Amino acid sequence: MELAKIFLVALLVNNVVLMRFLALCSYVGMTNDVGQSVGMGFAVTFVTVLATAATWPIYNFVLVPLGLTFLKILVFILVIASLVQLVEFYLKKNIPGLYAAMGIYLPLITTNCAILAVTFENIDYGYSFIESIVYAVGVSLGYLLAMVLLAGVRDRMKTSPVPKFLQGTPILFVASSLLGVAFMGFSGLIK
Amino acid sequence: MAVKTFKGGAHPPERKERSSGLAILRLREVKLVVVPVNQHFGAPLQPLVKVGDNVKRGQKIADAEGRMTVPVHAPIAGVVKKIEPRTQSNNSEGPCIVIEALPPPAEGQPALAPEELVDFMPPLDPFACSKEEALARVRAAGIVGMGGAGFPAHVKLAPSKPIAVVIANGAECEPFLTIDERSLIERADDVVEGVAITMKIVNAPEGVIAVEENKVHAVPLLEKAIAASPRTRAGMKIRVQLLKTKYPQGGEKMLITAITGKEVPSGGLPMDVGCVVQNIGTLLAMVDAFKEGKPLIERGLTISGGACTKPANVVAPIGTPVADIIAAGLAQVDEEKLGMVIYGGPMMGVAVPNYQIPVQKNTSGVLLLDTVEAKHYDEETCIRCGRCMRACSCRLSPALLAVAVEAGDYKEAEKIGLLDCIECGTCSFVCPSHRHLVQRFRVGKQILRALKQKEAQNAR
Amino acid sequence: MKSLWKTFKQGIIYENPLLMLMIGLCSALAVTSSVANGLGMGLAMTFVLLFSEIVISLFRKVIPNSVRIPIFIIIIAAFTTMVDLVMKAYFPDLSKSMGVFIPLIVVNCIIMGRVEAFASKQKLMPAIFDSLGMGLGYTWVMIAISAVRELLGNGSLAGIPVMPASYQPILFFILPPGGFLVFGLFISFNIWLKGRMEKTAKERA
Amino acid sequence: MKGTLKLGIALALFAVGACAGLAVVYSITKPQIEAQDQLALEASLRDLFPQGEDFEDISATISSANAGVNISSAFLAKRGGAPLGLAVKAAGPSYGGQAVLLVGVELNRSIAGVRILELNDTAGLGANAKNPGYYVDKANKVTFPGQFAGKFVTDPFVVKSDVVAITASTITSNSLTTIVKAAADAGVLWLENSALAPSADQGSAASYGGSAASESAPETTGGK
Amino acid sequence: MSVILITMLFAAILAFVLGIALGFFQKKFHVERDPKIDEVRAALPGANCGGCGFPGCDGYAEAVATGRAPTTKCSAGGASTAEAVSKIMGVDAAAEDLVTVLLCQGTKDLAVSKGDYVGIKTCRAAKLSTGGVKACSWGCQGLGDCVAVCKFDALEMGDDGLPHVNYENCTGCGMCVEECPQKLFTLVPRGKKGSIVLCSNRNVIKANVIKTCKTGCIKCEICVKQCPEKCIAMVNGIPVTDYDKCTSCGVCVQKCPTHAYKLLETDVMGEKKKVPVLVEA
Amino acid sequence: MPAKGMLLSSSPHSFTPVSTPRIMLSVLIALVPASAYGVYLYGFSALALILVTMASAAAAEFVFRKLIKASTTVSDFSALVTGLLLALTLPPSTPLWMGALGAVFAIVVAKEFFGGLGANPFNPALIGRAFLLMSFPAAMTTWTLPQGLIVGPDAISSLSLAQGAVDTVTAVTPLGLVKSGKTLADVGTYLGTHSDGELLKQLFLGYHSGSLGESSILLITLGGLFLLGIGVIQWIIPVAVLASTFLFSWVLGMNPVFSLFTGGIAFGAFFMATDYATRPLTPKGQILFGIGIGLITAVIRKFGGFPEGVTYAILIMNIATPFLNKMRVKKYGFVPPVKPAKPSKEAAR
């Protein structure tokens, strides 16, 4: 139950993108079409879970005993960056099919702030390992959801006569605003 | 009799009352005809005559090798004056053979003997000859589908699949047009005979003459003709089927679905579901070709529309400029009120700049709309009311299809059925925002086909 | 000097990281519900940007190319952690209300972008001016956005009530959707502004 | 391999340099940061019990009867060795997530006061609970947490009845009230168990629930 | 102090290990990719205009590097880019700097319109549904498909109902040539000299042309007869200049009764471009 | 021969007389009974709110389109529909300026920013309502008693409502009562009815407080049936919404009939879930759309932070619309794509 709650809150109530403004760069950049946004979403999910699985033990079994918790930022970002690199190398060499589908998104992920935020929050909220993983999945699927939804709206806007001064990025933010208004409906759903 | 129909469609104002009671008139005196060389759906033809040549009525004046070609014949006896590009009824310029009628014999000179004026083929009994002979005759007579598309009839009559039903398309669902209706009434026997000939050629066990409810008065005549026909007495099964009055009931796919309950598969042909559909005009042309050896050199058409003060159903030689039919007094037009000229019906016909353009093999009507009827609208944004989707006779999603085409997403457009659209125009008719849907689909199809061709080339 | 000034100006408007390059957006939306937050975040960013650019520009010749990214990350992370620690120590309230966004400076695309594109190739002085331009360009937008949001959504500016007492704050603006909307309109405004300036520049030329 | 080694060394050098600087900053700010939380807590404690001189940490011996509310720590406020009251730090869910309150309980089982340490509810709505300028009783300038001061644990604690709600924030009001009530109950129970508060004759059965704890007399070794 | 030491030690170890690991993996998982692709890509302007016929600059770069495409296809970059790319690929190419020329002068006033067109406002749609809005079946529809497709702001729809080329901006990418349903554009080298007929009407009947357009080529063949170099010939109903012989003497331009003939260097691309002149009589 | 230019156009050359203004006008007409009843219940101020909101919506559209130099579209009446619908979903006591602000937001941000009529991905009126609810939660959850509905002081105190509160709650809606933990019987007591049947009847007829236009299920249904009858809306969405609300309320342990007779569900089902621009176009999509609305409404009512969730349910399903539109009917003559008939391994060998 507790896990389900963590998951749902991360997915809907506190949606990373729409309610917490994380990972906006890729949200704006990678939602040109639905397929692309799904690809990016799964790539992020994959890396987020991997990053959580890597940073949680490092923090609790290395940094805490050594009294080096203040190196959290540095260590985490390094770990994530290296992870992404390794994954990229690995995919390129061994699973080229998947790399072709996902590889182009990987470099963008290093600087995706949602992933780093999740790893920090796992520590800040004092989640256990399992909880951290669930949280990571919830957040990144929330990201995927927001990406796909925006891609859907964008698809529709491709042929609509949006006023000139809003064309391009501005209207994306207006659309996100209204997506956020709708998502407000989930607020208070889980107390 | 159960009244059958299909799902979707619309009810544009019929306006048939203006001409449905008028007997077919025949245009006899023609001074000049402009015969487009290419009047069929298929490879282009070569003229067989030169400027200055004398031609007889019914003489072949253009032809070419190839399965999908159909010859063209001289509609009148006369002299070839010019062979030059002229505007045709599809608005494009194409080579036309201009023939001037022979002047009436000068004073004291004897009139020319009929053999010198007319060049018909010998009659042929379709029930006695072989299938090949019959098909050769159909081609030699220059018969193409007269319901609109101009598809070579001899190709359609040689299907590669067994045929269960021959359908005579008497739906005539286009508003204003009444020529098929008049033909059903005035030449019921020949219609039945035409169906029988078709059944014989394609070896079909059943024939159906399909008419919309608004022509229900033709049914008794047809039934009488069926009963009296030597063919049915000889055991051929022919019946009449009433259909709901609804546009586009006459589209062959809709017709087949209404009558047989089957759907022509996407990208397929009627023969895939064991059907052959023939327009009434086509049937009559076949009867003439066999009985009299007369090639397709004249056709019936309706002249009507708000600016047409005297509408008419006429039979005129192919190539006659419509203006000449009017000048001959068969129909009248009020120039003041005239706002639009359409060759064909208001739903699928082509708007042309004037009515000088000649009658062609597929011209089923010429509409002279007044300025009120001619009102067209600039499109507004789609309000997504969904009317087009409910009306589409092919159950496509015109609103979504239009979005895909507009966005240039031809892959998606093809997936959701761009190439399945039969361009019936129902969607544009029902759209409260007056979206130019069909036009968009036509352009889209053109581009999509070009893209596919390119792709195929690249693949090679 | 002139070119330094130009470098500085680039970041403020023409290549404003938020409005034109559209990078580093997350914090711009997340913490701009009040002017204090916006200002704090802006300054924190500027600090990290400035020192990262300085250090990297100084060491640009000794950093091996194939590990330059990890090294940049280390340097940026170090400065980010410093800011985080300092904020926690001396501005605990501010630090709390900005939450995870201070540590996230480390992945802020602006910093990585500038470091990679500018500092690693340029001398110290231009790097300093670039970082200041970018940092202040970021900061002014942060302040402007937060001012609008706080004014409409809370009736105050930097915590000081400025609207008449009868003013009913429109909470929408300090809630997340309000952030998106205001930011969208800001971008639109900046595009217009840039167009205007380019036009006048062209006319003058 | 040699090249790889060189890269490792270069990276290590930079890391060492960066971390050295970082460690220095850390050493300087560390005491300040640690003091921060303590200071805040202490300020709140003193705010609740102005006469309190020292605060004994009794966190280990107190627990909440309400499963939804978690008591993270508690302090016994003393003046000259004599207990004044109990401050209970309790956390529970509210509209926007975890809310943390500090609830002061007098020996007479009334509430000394409530301080909101953490609340993430919507600004302008639930967050008004921690807004010192937001009054639920405008006439008397009573804030939402302020209204609890002087209430007895035996009161009903029902929002919109004896507890005034924050406008349009019933959920926040309910949650906070629940936390206050749970903290206060736990506090009173502790007081009763440690025999610091006369057990109320008319006290609810719940008050007597955890009698086993009565053995554990409060340790008198000073907290700080 | 100990904190600082531990930190440094930790950092040293961590970074060292990471560095080695990275280096190691980079080698182990290295995938060969032709460095030429990146080189070519770097030499391209990055406009992603599609003028080369490939999906963006990346696609073209790969095609060039793998030898599937010639080095001169990038029209956005022009000659300099072609040179650079050729250098990388080790071939030499003298890329021509092309620009586009509109082969129609049928402005609203000069060319007769066929009727009032209502429908989708694109040339392609108008052509398909009505055979064109002008009485001349070959003329410009004036609905600006070419303007819409030009990525370089080189075309602008004039008030006269014809697109006007801005020769400063035109890169000769050929998108307009592709797009125009009437095939009214042709690419010529920038600065090309010689005469050209700005009409595409292939109807060989003089009367038909006169009826439809006042500046159309009426097939009088005066140009063919008058050209002192004898370099003009009628091809498929249109006079065509042989540029190897043409001396830009301008006789054809002067003699053409409908002013359909023009000189490329002055009337088309020159400083003072000439507006089509109305034909009297 | 025609001397003047003929009209040239692509076929068809015949057009339906149904036009956008006509459609919008019929929606306005269908809303007359519910609006009139609202005015009857809450008096002149309700009329003022309706008029101000409609006028602001129309004015906002006019001014905005003037500013961006686009064609004027006020004459298609869609802005008036949005304005009226917004007014009808607001509490009767909403200050006029708030109604105006909501209408302006609805029209400008939710509609015109996206390109105007038909292009908006979200229901403008509901965005307007959600915007107001977010911005002024207090005002938007303050309800007034209908004129003449006498709720005994006993009833109020027995439910311990409004006591001590500084911002006095003048009334509660049935859903509000249920949300605060009351039973149906309590609602009955509050409304002065004596049996469940009588309560449901009163709810159906619409004698209780709530948003301006949502009270009388009877009149709303009449309006809805009118729209159905003239073919402006189709039955799929309303039926799917109402049926699924019934079902899911029941599953979640709420009285299903009560769920249909309270709050904005009927109003939403007939007038707002059917909004052309924001609902899916395909029948299958519409069924799922309706079911989604019913489900989310029931979930929010049961577990959510608000007593009523129709607004959010519709808005959330609006987001799903582009995806639901992919659920098309099989086109005429659809042939399932032949799977590259398992390139059988034997054959390969």
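A few notes on this one:
Which chain is which? They are A, B, C, D, E and F, in the order written, and residues in each are numbered from 1.
Heads up, the rule we're going with is that a residue touches a chain if its C-beta (ideal position, glycine included) is under 8 Å from a C-beta of that chain, and two chains touch if they have at least 3 such contacts.
Not measured: the values here are computed from a predicted model.
With contact taken as defined at the outset, subunit C and subunit E are each touched by A, D, F.
By the count of C-beta pairs in contact, the leading chain pair is B-F.
Ranking every chain by how far its Cα centroid lies from the centroid of subunit C, the top place goes to B. Farthest from subunit E, judged by the mean position of CA atoms in each chain, is D. Centre to centre, using the average C-alpha position, subunit A and subunit C are separated by 22 Å. Work out the mean CA point of subunit B and of subunit C, and you get 70 Å between them.
Here the spacing of subunit A and subunit E, counted between their Cα centres, is 44 Å.
For subunit F, the set of residues that touch two or more other chains comprises 5-11, 109, 115-116, 118-119, 131, 134, 137, 305. Shown for subunit E are the residues that touch two or more other chains, namely 3, 7, 10-11, 14-15, 18-19, 22-23, 26, 114-115, 118-120, 125, 128-130.
Each of the following residues of subunit D touches two or more other chains: 7, 10-11, 14-15, 18-19, 22, 26, 95, 122, 125, 171.
You'll find the chains touch as A-B, A-C, A-D, A-E, A-F, B-E, B-F, C-D, C-E, C-F, D-E, D-F, E-F. Of all residues in subunit E, those touching subunit A in their complex are 3, 6-7, 10-11, 14-15, 18, 21-22, 25-26, 28-29, 31. For subunit D in complex with subunit C, the residues that touch the partner chain are 6-7, 10-11, 14-15, 18-19, 21-22, 25-26, 29, 32-33, 36, 40, 122-125. Residue ranges on subunit D touching subunit A, taken from their complex, read 18-19, 22, 26, 30, 93-97, 122, 171, 175. Remark: subunit A residues 9, 14, 70-71, 74, 187-188, 191 touch subunit D in the complex. Across the complex, subunit C meets subunit D through its residues 33, 59, 62-64, 66-67, 70-71, 74-75, 77-78, 81-82, 85-86, 88-90, 92, 153-154, 169, 171, 174-175.
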